[in-house]
């Protein structure tokens, strides 16, 4: 029988691949939003004991990740008329290939860690690893600043997955932390983005290479 | 007492011996040459005269002749003449002797530079250069003698039967030392082939050009100093060359002064048959003396083992 | 110990007080010079007293609650203190008039601060009794002397000199620190006392590391590069202080370490002797090739440090070979040369300072004939120039004589030591001859002949500048003629070296100095007799003055005089492989003489090779690495990923 | 009661956003003073925290706090005059951010819970970002962007590390609060594999913030673009805060018996930082970047010393304190120079000794201090670290350490000589007001005093702080 957790995680992995292949910012935002939602609800299906407070917290996270941030970013794009192209450093096909290799590698590596927790869920650890590395990949391989922010969010998703599923001990504080992080971080980044746009008339980060030795 | 008498006789005889060189050279040139007492005549003539000093000079110019004569007399005090113990002798006196000669050199050079003459400067530069190698060679000899005798004073090498002892322990290599000492003597005393006291072109002189501006008694002092210095070296060479002593004191004395005569004549012969080296060849020539002693030391070390 | 600290306090006051008096320059300089000189005098008396009644005195200060720092003064320290305080006092007096030209009142005041700090730091360095105290004072010494070097910072070359000095000081300090670190690793204690129990290999490592560190301060040959640059940059009394005593703290470090290690293996003596030989010979050759008066003196310091180390090396070999006479002669000769060099080098620097101060130039070939207008400077400089090549009857001869006799004792030893002793003797002979050439050159060109440029027409002024020179020159003669008392001091200073001889009997050594005194007296006697004779010969004679005989030239000009460069040229040519000379002159064209020029410059081979082998590759490597910070954020994030991945391999 | 001291600057910071433009200056000084007083009181009385799962007064935290407080107070005094001399957009944002920054840093020093610590450090990033962007130029926005993004990525990794430590508790079946103090007590039962992995993530994460190479890339940009008082804060105390995170985790590692492992990693990163700093200092063209790289070097030295442990850890603590004092003083001097010469380039300055003598004294004193000359405290810090490294037998590492320090010194003094004594442009646009000089002097004098005389309570606190990682003399 398909476990709901693994189903969700499979979709998360798929979203990683799609994000690697998508060339347009709005599409990318939507994919990441979906991913955020999916990751947020994974803990609900894990069978851990849930307090009401926890559920409320999870829901809040869900709202912010699924709706708050995507909307905010979309508006930012519209407001400052940012290019819709993600401007890759590494091409889409190559990225897709890299994504596939990454997922396979993560699945291959995961059992070696021999984690006692989350045993039943085959895809849990691979997804987490994939998300973190894929997030960094987007950070490194996309020139558009918004795409980089999205990469950062993807990375946070991965960490969220680790924090909320492997160890229940710190779940809420991790959730809270990540929420704060993503929220404040993204807001600050968005503000900076607007200023970048204002100053350079573009958010292509190749312009941001003047400070060097 | 004997030492004092010998010292006085050395002080008196040194000019005579130097005149012998002139005689030999004249002989080789087929000339009659000056009388043997020529140096005394010159000295007396100079003593009688007054002096002309260059306006560029200072007190140091006058100190030059004084110090060079002073040190020349000083080194004779340390010299064992005719195998007799010297007036002063102590452990390490030979180092003092070498440095006293350096002191004289310092003042000769300083006096030369005092005149602001480009020629004298040139001579001074050469005078500063060549003796450096001589000193190294002398110290090398000293090392060899020290190995042979374990002593560090002139008396231990040249007094009494000591030179014979040197020959007995070192053997043939000592010949190299005699040759080296001869070369050092020629260099230090401005003789051919290093320097030609009789040349007429100032550019090619070393010692003579440095004393161009001296005159009168000052110049006499310089000449006298030069005679003593040569006498010092010649004595050393003579003692090394003929180390034998006889039990009769008078015979010893005559034998020594005879050999000394031969050494001076050898200088005269060298001057007659050789030409002066080109200036840039001189260091190599002087270096030969160092190489000879070094070679002798190495052989002796093996020999002693 | 109390008078010692009191003297340091007075010296420090001499540094601090001028800071408040800078509006009144005369008062400021007076206060600074007087207090520093007074403090030095007190310190000198105290140190000398201690040498005659040697008792080790200790003072401890607690630092940072945990690290006690200790200062101990034994007779070795006291001997160095004598040299330090003597030169400090002289230079302090000298500074009063030397600094009068300066229109930077505040800068002069600050100069007094660092001047006093330098003296205090030096005095504390030689009394420091544990690693922390030593390094602390060592670094303060470096820092304060840096400021003194950079005093006239308006000139590019002075800034460069200060830069080089700072770098060499710091690198040297780091090597010393490394040596101490290795020691600490073995003994687990900051105290010097326990170091004798270390294994031999560790001792050797410590010694070599420290040798590099101390060598760079002492100006040992390949590490001397800063020295000829820094000395001309600093004010002359500072050069005198630095060259006279500051570089000796490096010597002190080496000899103190030798005492601490208590390791009498032949290898130490061989290292020290070899280093000394290289330094001595190379130093004097380069001294001969310099165009700047103070640079000549600086390179001559390199040479004299070499001679001192030859002495120490002879001593160490003597200890290892079980020849007490040779050991004591070597050490005592080396130590005495420390004092002697302090005296005549500071004398020469003060003389050079007078020349520089009055004429405004230190270029040898622009000067000439100064002794006529600067009789006292000229005469005292002459005494210094006679003392420095070791001519009798001056003090340089005494110490070299002792080292010679020590080295001759080594001739009878086995192979390696024999060769080294032989090299030491021949090397010292060579050094002596070359030094004579170098200093006849300096004295002859600068003080004699005719002025080569209009600026050389200056006259000497400033009684406080002349007095220290006279005192130093007198000291040179006194030590040269009556060395016994000073040799006794030096032998006292040898005792704390733990050579295992107990109290060293003085008689065999005093005999040597007594003969020197005798010979000197005879020399003076002969001299006086001849002087009387000369007087007699000249009585009633006509003495006239006229121009120099020009060998046919009727109108010789001052510019036609032999220059310092040509004086040295033939000797330098002999040593060509060691002293690369760069010449610049156009080839002769055509039959008739045209306007031409000639320039030559000696290039420091150590500087050149260090630049080629160390500086250039390091710069090249780091230049390439600079690419890392290229401004692209994508790669920056890649670095983080890389760091994680690499670090995970450690798990 | 501990929490009050966190709240004071936070409230003041929020207040500053709403107050009129220039009143922020006074507020800065006032808050600084109040904060300093409270820190001193905290030091003396050491009260228990209300939320003692999350907050605690630890010796290392106290050390950092007192340094932060002192620095902030002095920098606030300087800032008042600086804001008058330099034109700054949106001054209330600047003042508010400074105060919030102070609040978040206070939070770091007092937090005892892994996650709270992490949140606090993240908060420092967010609060300081506006400071870097103060000048509103292209370069400053670039610096801010890099700062925020790189640090966020780093901090995210630190979060992962914290989670992994939680994981190691689960695997080791340990039930304890996730505070550093309780973790240190139960460290022996934690799963070593995940603890090690967690440590690495935390080290890389906080190391990014602390400026360890190769994660240091944001640091020179941010420090050079921020206004000098902010740079002084960033370099003087923010780096310490990040170090605190690493230090506390390292304590757990030592308690778990993994001290060798964590020590080795710390030494590797420390050495990398020193070498990196050497690379960029040698041919630096801007003096603020020079100072920034010097901070990287010092962080490397501190990490290296911590990694060695023992005497080295004590040395690292000394370096930490004195680096804060001296480096902030240097950055304040750089502010004077920037105003005076209106150029960031080293070539644009010169003859500081003559033009701005008072600043020169502070600058050179700071330079001497940072290069490890007595009578400044870093001398002892470096001395102890090097000696400890020898004792621990890390001959290779200490050789690299010493050589790099030499290279750095050579580069540094070349630039300092150029600034202080080199040829200068003709006009200087600044008068040296006392308030822009005295804070530097006070900082330097503090360092000198602490070098020769350390109050027992301070020594005791340092000893307690490093005792767990085997530190002490």
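Which chain is which? They are A, B, C and D, in the order written, and residues in each are numbered from 1.
FYI, a contact is a pair of C-beta atoms (placed from the backbone, for glycine too) under 8 Å apart; a residue touches a chain by one contact, two chains touch by 3 or more.
All of these numbers come straight from a predicted model, not from anything done at the bench.
Chains joined by the most contact pairs: B-C.
Chain B and chain C have CA centres that are 36 Å apart. Work out the mean CA point of chain A and of chain B, and you get 99 Å between them. The distance from the centre of chain A to the centre of chain D, with each centre set as the mean of the Cα atoms, comes to 31 Å. For the pair chain A and chain C, the distance between mean C-alpha positions equals 69 Å.
Residue positions of chain D touching 2 or more other chains, listed in rising order: 145-146, 149, 153, 220, 280, 283. Multi-chain contact residues of chain A, defined as those touching 2 or more other chains: 136, 139, 148, 205, 208-211, 213.
Shown are all chain pairs that touch, namely A-C, A-D, B-C, C-D.
Every residue of chain C that touches chain A in the complex is listed here, in rising order: 626, 628-635, 637-638, 640-641. Chain C makes touch with chain B in their complex at residues 368-369, 371-372, 382, 386, 389-392, 397, 401, 404-405, 408, 411-412, 422, 425-426, 428-430, 432-434, 436-437, 439-441, 443-445, 448-450, 511-512, 515-516, 518-519, 522-523, 526-527, 530-531, 534, 537-538, 541-551, 556, 558, 560-562, 566-571, 573-574. Against chain A, in their complex, chain D makes its touches with residues 113-116, 118-119, 122, 126, 129, 133, 136-139, 141-146, 148-149, 152-153, 155-156, 159-160, 162-164, 166-167, 169-171, 178, 220-221, 224-225, 280, 283-284. Contact residues on chain D toward chain C in their complex (touch as defined above): 145-146, 149-150, 153-154, 157, 193, 196-197, 200-201, 203-204, 207-208, 214-215, 217-218, 220, 261, 264-265, 268-269, 276, 278-280, 282-283, 351, 353, 357, 368, 371-375, 379-380, 383, 386-387, 389-391, 393, 398-399, 402, 405-407, 409-410, 413-414, 417-418, 420-422, 451-452, 454, 456, 459, 473.
Across the complex, chain C meets chain D through its residues 63-67, 106, 131-132, 135-136, 139-140, 142-143, 150, 153-154, 159, 162-163, 166-167, 170-171, 174, 177-178, 180-182, 184-185, 188, 618-619, 622-623, 625-626, 628-629, 633, 636-637, 639-640, 642-644, 647-648, 650-651.
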